[in-house]
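Okay, so chain A shows up in both of these, paired with chain B first and chain C after.
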Partner chain A sequence: MFRHTALRYAVLVLLASAALFQAFTAEYFGLEILTEILILAMLVLALDIVAGFGGMVSLCHGALMGMGAYAYAILSTTAGIAPPVAMAGAVALTGAIAWAIGAICSRSHGIYFIMATLAFGQMAYSYVFEAPIFGGDDGLGGISRLDLSFVGIDLNDSRSFALFCLASLGAIYGASVLILRSGLGRSLTGVMHNEQRMRALGLTVWRVKADVFGLSGMIAGLAGVLAAQHIMYISPGLLSWTVSGEALVVVILGGLGTLVGPLVGAAAFVVLKHELSAVTTYWHLVVGALLIAVVMSRANGIFGWIEARWGARIDRRLTDATRKPEAKEVLGDA
Partner chain B sequence: MLETRNLDKSFGAVHVTRNVSLKLERGERRVILGPNGAGKTTLFNQLVGELTPDSGSVHLAGEDVTALPVAKRARRGLSRSYQKNTLFDGLTVEENLGLAAAVHTGNATQLWSDSLAKPEVREIVDEVAEQVNLMPYIHAKVSEISYGVRRQLEVGVALATRPLVLLMDEPTSGVGPEMSKGFHDLLNNLPRDLTMLIIEHDMGLAFDVADTITVLNYGEVVFDGLPEAARGSKLLKDIYLGSWEDA
Partner chain C sequence: MAHDLGFWTLQALNALQLSMLLFLLSIGLTVIFGLMHFVNLAHGSLYALGAYFAASLAAVGGYWMGFFLAPVAVAGVGILLYSGLIKRMRKSGPMAQVLVTFGLIFVLLDLTRIVWGDLALAIDVPAILSGRLTFLGVEYPTYRLFIIALGLAIFAALAFVLGRTQIGAMIRAGVDNDAMAACLGINVERLFFIVFCVGCALAGLSGAVAAPLLSVTPDMGLQILIPTLIVIVIGGLGSLKGAIAGSLIYGFVQTFGAVLAPQLASVLIYALLAAVLVIKPVGLFPAKG
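Let's look at the complex of A and B:
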């Protein structure tokens, strides 16, 4: 189950302030980077829900995001459906597909789960690549953004679009916390800790996994819709398994099962990518080395490491000193 | 309430359950005795559906549940605790009980509300915590409570599904004699209409709670009757003294 700590709140406030500052002060290039971060952040939130809180390490979330993007593009462009309806349709469709994938993969665990999701992702990739309606290698262009002119917002403006993505991410973060704190979220935690026991208590385990995977898929789908609107052009590369792999790297670098960590990871990853690729074409080596260092240190990502090292101290300083201390000693008679 | 008919199970050449037929009436408290490896846990696994018997059937409240999966049997009122603690380690005592109570009350898959905040879940959590003496540790994490208290929680989690039939696999295994005694008092205080099947290693303690006794040896029922009869049984003494006096 997800808990907010003082440290997590503090980091959230910090991230939100930095994003707002960037959104209001940055020029075009800075806004593009910010939007890229916000969309990646949404994708890694989706992944952290299933991987960090349900033990379902998915290698198809990139493909789910791609499905959301393509569904939106086809619905809004080819089918000519109004953008808000197309958005809802794309999110619902991605969620339904993700639910089915989750249901089918729910019996497998560990490496087998990873491989099964990878296979689904690759199937989606090659289908999109081959089927004529998706434009093959050339992709699809001319995708329009949501029209918010009735409230005086022009999303074709980079700044407005970045703010729109930030607001969406905020809403999705809130929804993620609610999901994890719901009865379903609690059961998910129970399943991750001990699937056999949850079954013995009468829980239909596959349903819980499928439901959560479906919800996570909806979030990934929304990230895809935003990505399509952002670039206004999409290609099959969006569904490539390397996108899923990158998202997983970000979740692990940030801190699996912390929600806040992956947000930090997304920001760090995109900034690092742009800063380093300006200096060297071998920037992947640096990210790789960083990932190895994090994994070898056995810390739960960068944010997890900060939490483990300073979390207690920072929490104490940030929270009211009158709060009663937590029981630390072993309770009960031996 | 719970019945098995000619249950049979082999692992390869090892015949672990031999033609076992048991019958528990509603509210009956039956203790299963037997030496290590007699097939007690394997029998439990078949009762709850974690293992499929080679032949024979399991009946719960008059219904043949042999073909039902674990979760469905559980929802029909069959609950078990494990010989080895099977708890949710990172969670608190309250959350452990809450997970079970949420499943029972249909809150375990709710998206719109926190199961642990539901009054019907809270009611079960509080009642069970009271029943198995967990109130002092209710907000402690599993990692913060002692082994003995964890054994209580192990049974508590099973109880929090409000079962018709409660199966307990050596609830006092690994805890000292004093605490075992307390544990048996606790079992005696559970509602009289709860049907209980308890695997117990210690014969003396078994007599504290048992209405009836079944003795398993090499997968076979070698005794089925009242505790008084068991106490005098020569057969039982042989098995008992032979292998598990010092356990």
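Let's look at the complex of A and C:
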């Protein structure tokens, strides 16, 4: 089960204050990067729930995010539905599709699961690419942001929008923790460790997988809605499998199955990408080499490495010295 | 939709040519997976490397030099990858392998961009293969017929080696149960190495063969990767029969889909893949039952 250690709390506080500091001090470009990080963080959170706590390594989360973005764009522009309703509709639709994908793929394991999710993601990608209603490879523009003027917030201002994304991410993080601590989340981890045993205990394994995949899809869909509102323009590239691959890279760089790690990974990845692409056009080379190094080192990403190295020591220092340190959590095997 | 017989023959030949190209790529990938349980996403990048080597060599010594030496060069790259990375990743789970080879795609992509630049390269078809032949009542480019013939020849050769020779028996034993094969005195590790090199060489060969048809660009490896993976997952991992069946299914569904239902063509193949995975999660002809 997911547990917050003192170290995890500390990193969360650190990340939140860094984001708040950035949101209130940065100029336009800094705010754009912050928003990009926050949206990516939401996507990788969704991926970490299924991959880190359910062993379902999905290569369709980029496509799910794209579906959320397209659903919002179509509902709010073509269908002319009010943005809040369109947002809810897009999230619900993405969740439903994800639930179906999870249900269909629930029998596959390992590489077959990866391939099956890849197939569904690519299916969505090609459909969006070809169907005229989605604007083909021209994409869709003119997407409006949520109107919060009744409480005096103008989301067209990039500072307000960054803060809005930060608040959404905070809420989603809380929801993710609740999901993982619920009976459903515990069943999911049980299924990851031993599917046979959970079945013997009377659990309907495919339902557990599908339900969590659906919830994760809703989070990915929300990330897509925010991405569409952020850029105000969407293109089929959003659904491409390389987006899902990149999301997986971020989860791994951060630390699979730690929930906090992927947030660290998202921040590190976006900053690294921007810094490197300013220096060289070959930033993929560096990211690729880094990824290989992280996976080969057998550490569980940046955060996982810190946790394994100094986790117990930092926790002891952070918690009351009189209390016994908590039993170290067994991390999901990457 | 009133097309004559010649039109359908032409489409069938197109489908067959696409199938054979995919077969050359997927057979290496599928046997590597079947034997080593290793998922090499960078296989497509090796194909791109093959095309680049062929383009460079063809500029020096003509098409045939590229055709024969590019596979050797790619096999050399394969040896480097094997000793540097893959040997150490053998015992890892599928996810770690997917990620390492995904990283490798990034690295190889940018390396090709650094060495050969971003511009597309082109190779000329050799004079002997450049014309058109009348085949089954239709005019068809000789070079494409050459690809079909080459694919069939390689299929026959591999079917013979895997089915009729001792090393083929050893490979099949290794795919079926590597621990037992090792107990019987087969050096499974060396077998892996040989199969990996041959798989890389075939990827290089398909790159060299595809180069005159498509333009040689850095992302050609990324583009071919998904079709190749679809082929091996539909066909079932690890078997020659699966690779050829998957390639034919992909080639024909893709080509005839584009003719009969252009709107649905690209979705069709993914829907087929999803259907196969739901009904037979391990593919149509897996090496292991």
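Throughout what follows, the second predicted complex is superposed on the first by the 324 of 334 C-alpha atoms of A that agree within 3 Å, B and C clash if a C-alpha of one lies under 4 Å from a C-alpha of the other, contacts with A are read in each partner's own complex, and residues count from 1 in each chain.
Keep in mind that, in the parts below, contacts are C-beta pairs under 8 Å (C-beta built on N, C-alpha and C of every residue); 3 or more make two chains touch, one makes a residue touch a chain.
All figures in this text were calculated on a predicted structure; none of them were measured in a lab.
When the two structures are aligned on the shared chain, A:34 is found in touch with neither chain B nor chain C.
Of the two partner chains, neither chain B nor chain C is touched by A:247.
Contact with chain B, but none with chain C, is seen for A:186 once the two complexes are overlaid on the shared chain.
Judged by the touch definition given at the top, the superposed model places A:296 against chain C, while chain B stays out of reach. Once the two complexes are overlaid on the shared chain, A:64 sits clear of chain B and of chain C alike.
Residue contacts after overlaying the shared chain place A:140 against neither chain B nor chain C.
Residue overlap on chain A between its contacts with chain B in one complex and with chain C in the other: 333-334.
By the touch criterion given at the top, residues 48, 50, 70-72, 74-75, 79-80, 82, 86-91, 95, 98-100, 102-104, 107-116, 118, 136-137, 139-140, 144-149, 157, 161, 179 of chain B touch chain A in their complex. Touching chain A in their complex are the following residues of chain C: 33, 39, 85, 88-89, 92-96, 98-100, 102-107, 109-111, 113-114, 222, 226, 229-230, 233, 237, 263, 266-267, 270-271, 273-274, 277-278, 281-282. Taken together, the chain A residues at the contact with chain B in this complex read 1, 179, 181-184, 186-187, 189-190, 193-194, 196-205, 207-208, 211, 215, 327-334. By the touch rule above, chain A contacts chain C in their complex via residues 51, 57, 104-105, 107-108, 110-112, 114-116, 118-120, 122-123, 126-127, 129-131, 241-242, 245, 248-249, 252, 281-282, 284-285, 287-292, 295-296, 333-334.
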